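A single structure is presented below for examination.
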Amino acid sequence: MLVVMKAQATPEQIQAVCDHIEQLGFRAHPLPGAQRTAIGITGNQGEADRGNLESLPGVAEVIRVSKAYKLASRDVKEEDTVIRFAHSTATIGGHDLAIVAGPCSIESREQAFAIAAHVAAAGAQFFRGGAYKPRTSPYAFQGLGLEALRIMAEIRDKFGLRIVTEALDTETLEVVAEWADVVQIGARNMQNFSLLKKAGRLRQPVLIKRGMSATLEEFLMAAEYVMSEGNYEVILCERGVRTFSDHARNTLDLSIVPALQHVSHLPILIDPSHGTGRRDSVLPMARAAVASGADGVMVEVHDHPEKALSDGPQSIYPAQFATMMEELERMAPIVGRHLPRAVPAADAALAKASGQ
Amino acid sequence: MLVVMKAQATPEQIQAVCDHIEQLGFRAHPLPGAQRTAIGITGNQGEADRGNLESLPGVAEVIRVSKAYKLASRDVKEEDTVIRFAHSTATIGGHDLAIVAGPCSIESREQAFAIAAHVAAAGAQFFRGGAYKPRTSPYAFQGLGLEALRIMAEIRDKFGLRIVTEALDTETLEVVAEWADVVQIGARNMQNFSLLKKAGRLRQPVLIKRGMSATLEEFLMAAEYVMSEGNYEVILCERGVRTFSDHARNTLDLSIVPALQHVSHLPILIDPSHGTGRRDSVLPMARAAVASGADGVMVEVHDHPEKALSDGPQSIYPAQFATMMEELERMAPIVGRHLPRAVPAADAALAKASGQ
Amino acid sequence: MLVVMKAQATPEQIQAVCDHIEQLGFRAHPLPGAQRTAIGITGNQGEADRGNLESLPGVAEVIRVSKAYKLASRDVKEEDTVIRFAHSTATIGGHDLAIVAGPCSIESREQAFAIAAHVAAAGAQFFRGGAYKPRTSPYAFQGLGLEALRIMAEIRDKFGLRIVTEALDTETLEVVAEWADVVQIGARNMQNFSLLKKAGRLRQPVLIKRGMSATLEEFLMAAEYVMSEGNYEVILCERGVRTFSDHARNTLDLSIVPALQHVSHLPILIDPSHGTGRRDSVLPMARAAVASGADGVMVEVHDHPEKALSDGPQSIYPAQFATMMEELERMAPIVGRHLPRAVPAADAALAKASGQ
Amino acid sequence: MLVVMKAQATPEQIQAVCDHIEQLGFRAHPLPGAQRTAIGITGNQGEADRGNLESLPGVAEVIRVSKAYKLASRDVKEEDTVIRFAHSTATIGGHDLAIVAGPCSIESREQAFAIAAHVAAAGAQFFRGGAYKPRTSPYAFQGLGLEALRIMAEIRDKFGLRIVTEALDTETLEVVAEWADVVQIGARNMQNFSLLKKAGRLRQPVLIKRGMSATLEEFLMAAEYVMSEGNYEVILCERGVRTFSDHARNTLDLSIVPALQHVSHLPILIDPSHGTGRRDSVLPMARAAVASGADGVMVEVHDHPEKALSDGPQSIYPAQFATMMEELERMAPIVGRHLPRAVPAADAALAKASGQ
């Protein structure tokens, strides 16, 4: 259920409605909108009494939300969610496209810095890099862990890039949350409900990758798990689904972009690297992602992909990344967007990085 | 196998090699390239003798083609195939994007003319319309047949649009070939090998839609069936594959575009109408198609989709089509393409059609 | 719609109702049941007038059939369809399990006879063998054609086996129908509607293989195409669907057996050879098929699978086939079935065949 | 790598080889076989030196294991793994079929006891019941937790049934391990590698459900994660995969049974309840499971499925379960198995439970 407050409702009235909801044993989620505040009600003990709520001061109306996802639904929040970061102009979900780039795994300080310099120079505002890696084999490289997180914190300081990295489980969630700007939940954990709930208690944006065979509704229900705990800053990320089709590692399902935007206010990024698994398909699919209306892309970049400890064949070269940025910059206005490129500062950084 | 002729080989030498191949019981496929002619050898009685062929006058080398598809392979023909039409500047596969638009089914002369006027006015160069409809139910509308073909011939004359329409079987193939500019083989017939072989004996371009669960290789093998009979003008068309994903009618597999272009010289169009089945996803996916590098799009347009006899929910309105054309025109240069829009003539036609 | 006649309705009354339906421009399908006759009404010009039909002599009631498939539905015919053959005790769909066995392709008279002798000796009542082969590649072995049909006719005469073989297109349909007892429509042709309609005009049972990504409803609609033309002897055959799963050639979807039996009266066979593509999985899946309640199995048997011109890796050896028959014979009573094994006659045949 | 010891190798020699391996920084997994002991070597720092190991006393040979899964592979352990339980004759993986039955969720002591009495009376040896439920929605019933575990412990005491229940995360893993006989890892957690590793440190059998779109190799790699930590008692469970097929909740992939048995020594159960999601398909698929060679089945039974808090439509009635047991008992010998049914004791229990 959703309590829609009147436009002129006071903060005290909003608080009083929230208190009332919590006293009934439910959870209240105040969601401020452009015109007025809505308060989502969640819980698993049936439904709250409607008449009672409608009679509270400042309440305009009480609406049943028929979809399985509530807080993630556009019925509950009409405006697109825009995620902002302290001390940064970078956003995810608004008018500006968000570009997240970096290596699959942080392999060394040197490797990470070299790649960060390249992607910053080309105008990326977010840096991705695996510290804890979910690997199909227990015998494969599992990531540098805390050391990688420290390296990425240095990269944030030096290049001004916001850091996106994956938490594998409830233990690593805490340490990742300490160091990263956006905490990623991987495709294999999209229905790890305990992890999602814990991520819902963070005060940081959470990026959820679509599971390999997740439907749109299941994808939004994963977001709902995070949001139901009070963290409304959720970013969705399509990374290809599993089908019979064998020309690519996965089948990138771009048509989920308009379908999601129709029913949800959450931002959606596209990962063409995992989505295709082929270097020669990354740029075409990154362009297609922006053309489809996505809020940005997340790509793997490596300066020596042939030596990468993971995902080499799908990592693009720095020069390809620069080309991609130019193409996306030109495409952005056609879909009513803008690609911000903080070139001068990053250029300086690149100069410094290569001059040492 | 592939016989590569020397750049200075004479027509007589090329003919002599072809004759020799045919005498051995194989089929020779001379494929002229920018620099020199290659001659594909096909047949199912093992391999031709290599040494013998290499000793013929004008032969540069003889190459084994390891892929299952031969004539469709870029190994055999390096340059992109460009399909041209008599008395028309329209092309499929070259620098210009090809836009095919029209209703799912031709329902009446009036309906077809109204839609044709709109799509011509917006700059389309190809008109699509079903005369013979493959329907899941034997009790559903099966198309107007010959009457529809006659209506489309009139549309070609009046609006200068090239006509694309589907042949369902060997009987309708002949009559469709008589009236249409491009003969379409539908997704359900992609492995109707008898029909493909007969289409290979036409002197008209053949557009093959990808089967609902066809792999890239099977898709190219369908083209190979047509080409092995001597018709090299094949256009591929991705229209979504069948997966568990339920937010769209099919899962549009755009990443097949770069994958196909890597291995084949044939043009590839995208059908976002069948690919998504949702009107609100057609424009985003049409843009994504062009961004991915496709050679054009094929969309369903209807002036009264709510009354359409088939595929209403996925047909876009004429105004949406006009918007799409503007967007694609702006995107084309970013991917090194151009969207030709024969606006003035079509405008005139629209004026006439509306009775002014 | 369905007209249910009274139990005591006379043949003349039934005929009069059919005539009335046909005069209205619909097609009448009289379907005799254990208690009374039902008359299915099909056509694509809307619905017949109900009140009018109900007032005809002998009519008990008129029922709307809400499912897309009508004649294939159990709503229209409650009793299981049992297919019988002249001069033979073999049936498909009744109490007895039907076992169809033989090579993928008829490669020579000698090969076909050797395999036929084995499968007859083990108790099979149906022989399968490809005369016309649908091949992914135009350059692969396409079958012996008419010669293969002649060889199979001899096999029928000698071993008393009923012959099941595939028709690829409308041309081969006629010649196959001349020689075979059951005409097979392959998985790739499951939505070749022209072919299905022509098969509906045959006076022979038609076996339809499930398409690679056909839903249950589409599968039954293929049967409906055949039945709508007046041929009610349709046999369904599950042969595996296409999924991401890579341990087998296809994913055998056995749970379609109870699902089909719930909604349709048509018999259903299972093909574990194409269904798995692996010799070591054929026997386990044949047993599972019978255990799931299927009406029989269709398997590929080859005496020298390593030399087979097609599908060698999935063909079982004659000794494995004999083991399978013993296992299925033991399992049949558990699912209320019987496996007839005409051993003596076949033994004699085997003796003769090997003694020449 | 795998060190195969000589048949006459002493325990001291085996221990010395293990110590040597561990000193090299690898992990040693001694796996006793019928004839001789093999020692698996795992670790992610490349390969151990072969020559060195071969020269140790008692070593017969050192073999490279080429598959990604090592300890789960039949190359490393030829004999089938048989899982035994203290103070019980129940086994999983041996000659006897294992039947696991019970409600989706433990809803109350009364419900659980009533169902337990029924399944014990019909001869089941394992009881399943959800204490912690992975639910797509955060607002759905999440299970009774510890209370459910206590109820199941009572059921074990009263009916002699071994308890199988799911652990959702590392927290619940510990408490589940305290109370259950077999710890289940659900399909959504099949690639929750942190959870798998922790399960590898338990001294209890772990049942892993196949992920919704997991390949055979990924399924075995999940087992490998558990085994690499020293817990070799892993049970695999197929529960249907996600495909386009819409007549059932999932597509039960029975052909994975022979495929798994070909490459792995681990036992494999089938869950036809989740595998189909339809009550009327559970018995046919349970029979098919045993016929395919599976080591047993896991089914949901509910005495009032229409009132079940979860999975009602797929739960069978107690009377259906009894029928299933009779059918499986008759089928077992055909596949060289036996279905043990501890009827007398359970009958007594049922009598007691019903208050007589």
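Residue numbering begins at 1 within each chain, and the chains themselves are lettered A, B, C and D in the order written.
Just so we're on the same page, contacts are C-beta pairs under 8 Å (C-beta built on N, C-alpha and C of every residue); 3 or more make two chains touch, one makes a residue touch a chain.
Small disclaimer: the values here were computed from a predicted structure and weren't measured.
Which chain is most remote from chain B in terms of Cα centres?
Taking each chain's C-alpha mean as its centre, the farthest from chain B is D.
What whole-number Å value describes the gap between the mean CA coordinates of chain C and chain D?
Taking the mean C-alpha position of each chain, the two centres sit 38 Å apart.
What's the distance between the Cα centroids of chain B and chain C, rounded to whole Å?
Result: the chain centres lie 36 Å from each other.
Could you state the distance in Å from the CA-based centre of chain B to that of chain D?
Roughly 52 Å, centre to centre.
List, in ascending order, every residue of chain A touching at least 2 other chains.
213, 242-244
Line, ring, star, complete or other: which describes how these chains touch one another?
Per interface graph, the chains form a complete graph.
Which chain B residues qualify as touching chain A in the complex?
Contacts found on chain B: 213, 215-216, 241, 243-248, 251-260, 262, 275-276, 278, 280-281, 284-285, 287-293, 327, 330-331, 334-335.
State the interface residues of chain C toward chain B in the complex, per the touch definition above.
Contact set of chain C toward chain B: 42-44, 68, 70, 134-142, 168-172, 188-189, 191-195, 197, 211-213, 217-218, 221, 224-225, 228, 242.
Inside the complex, what are the residues of chain A that reach chain C?
Touching chain C from chain A are residues 242-244.
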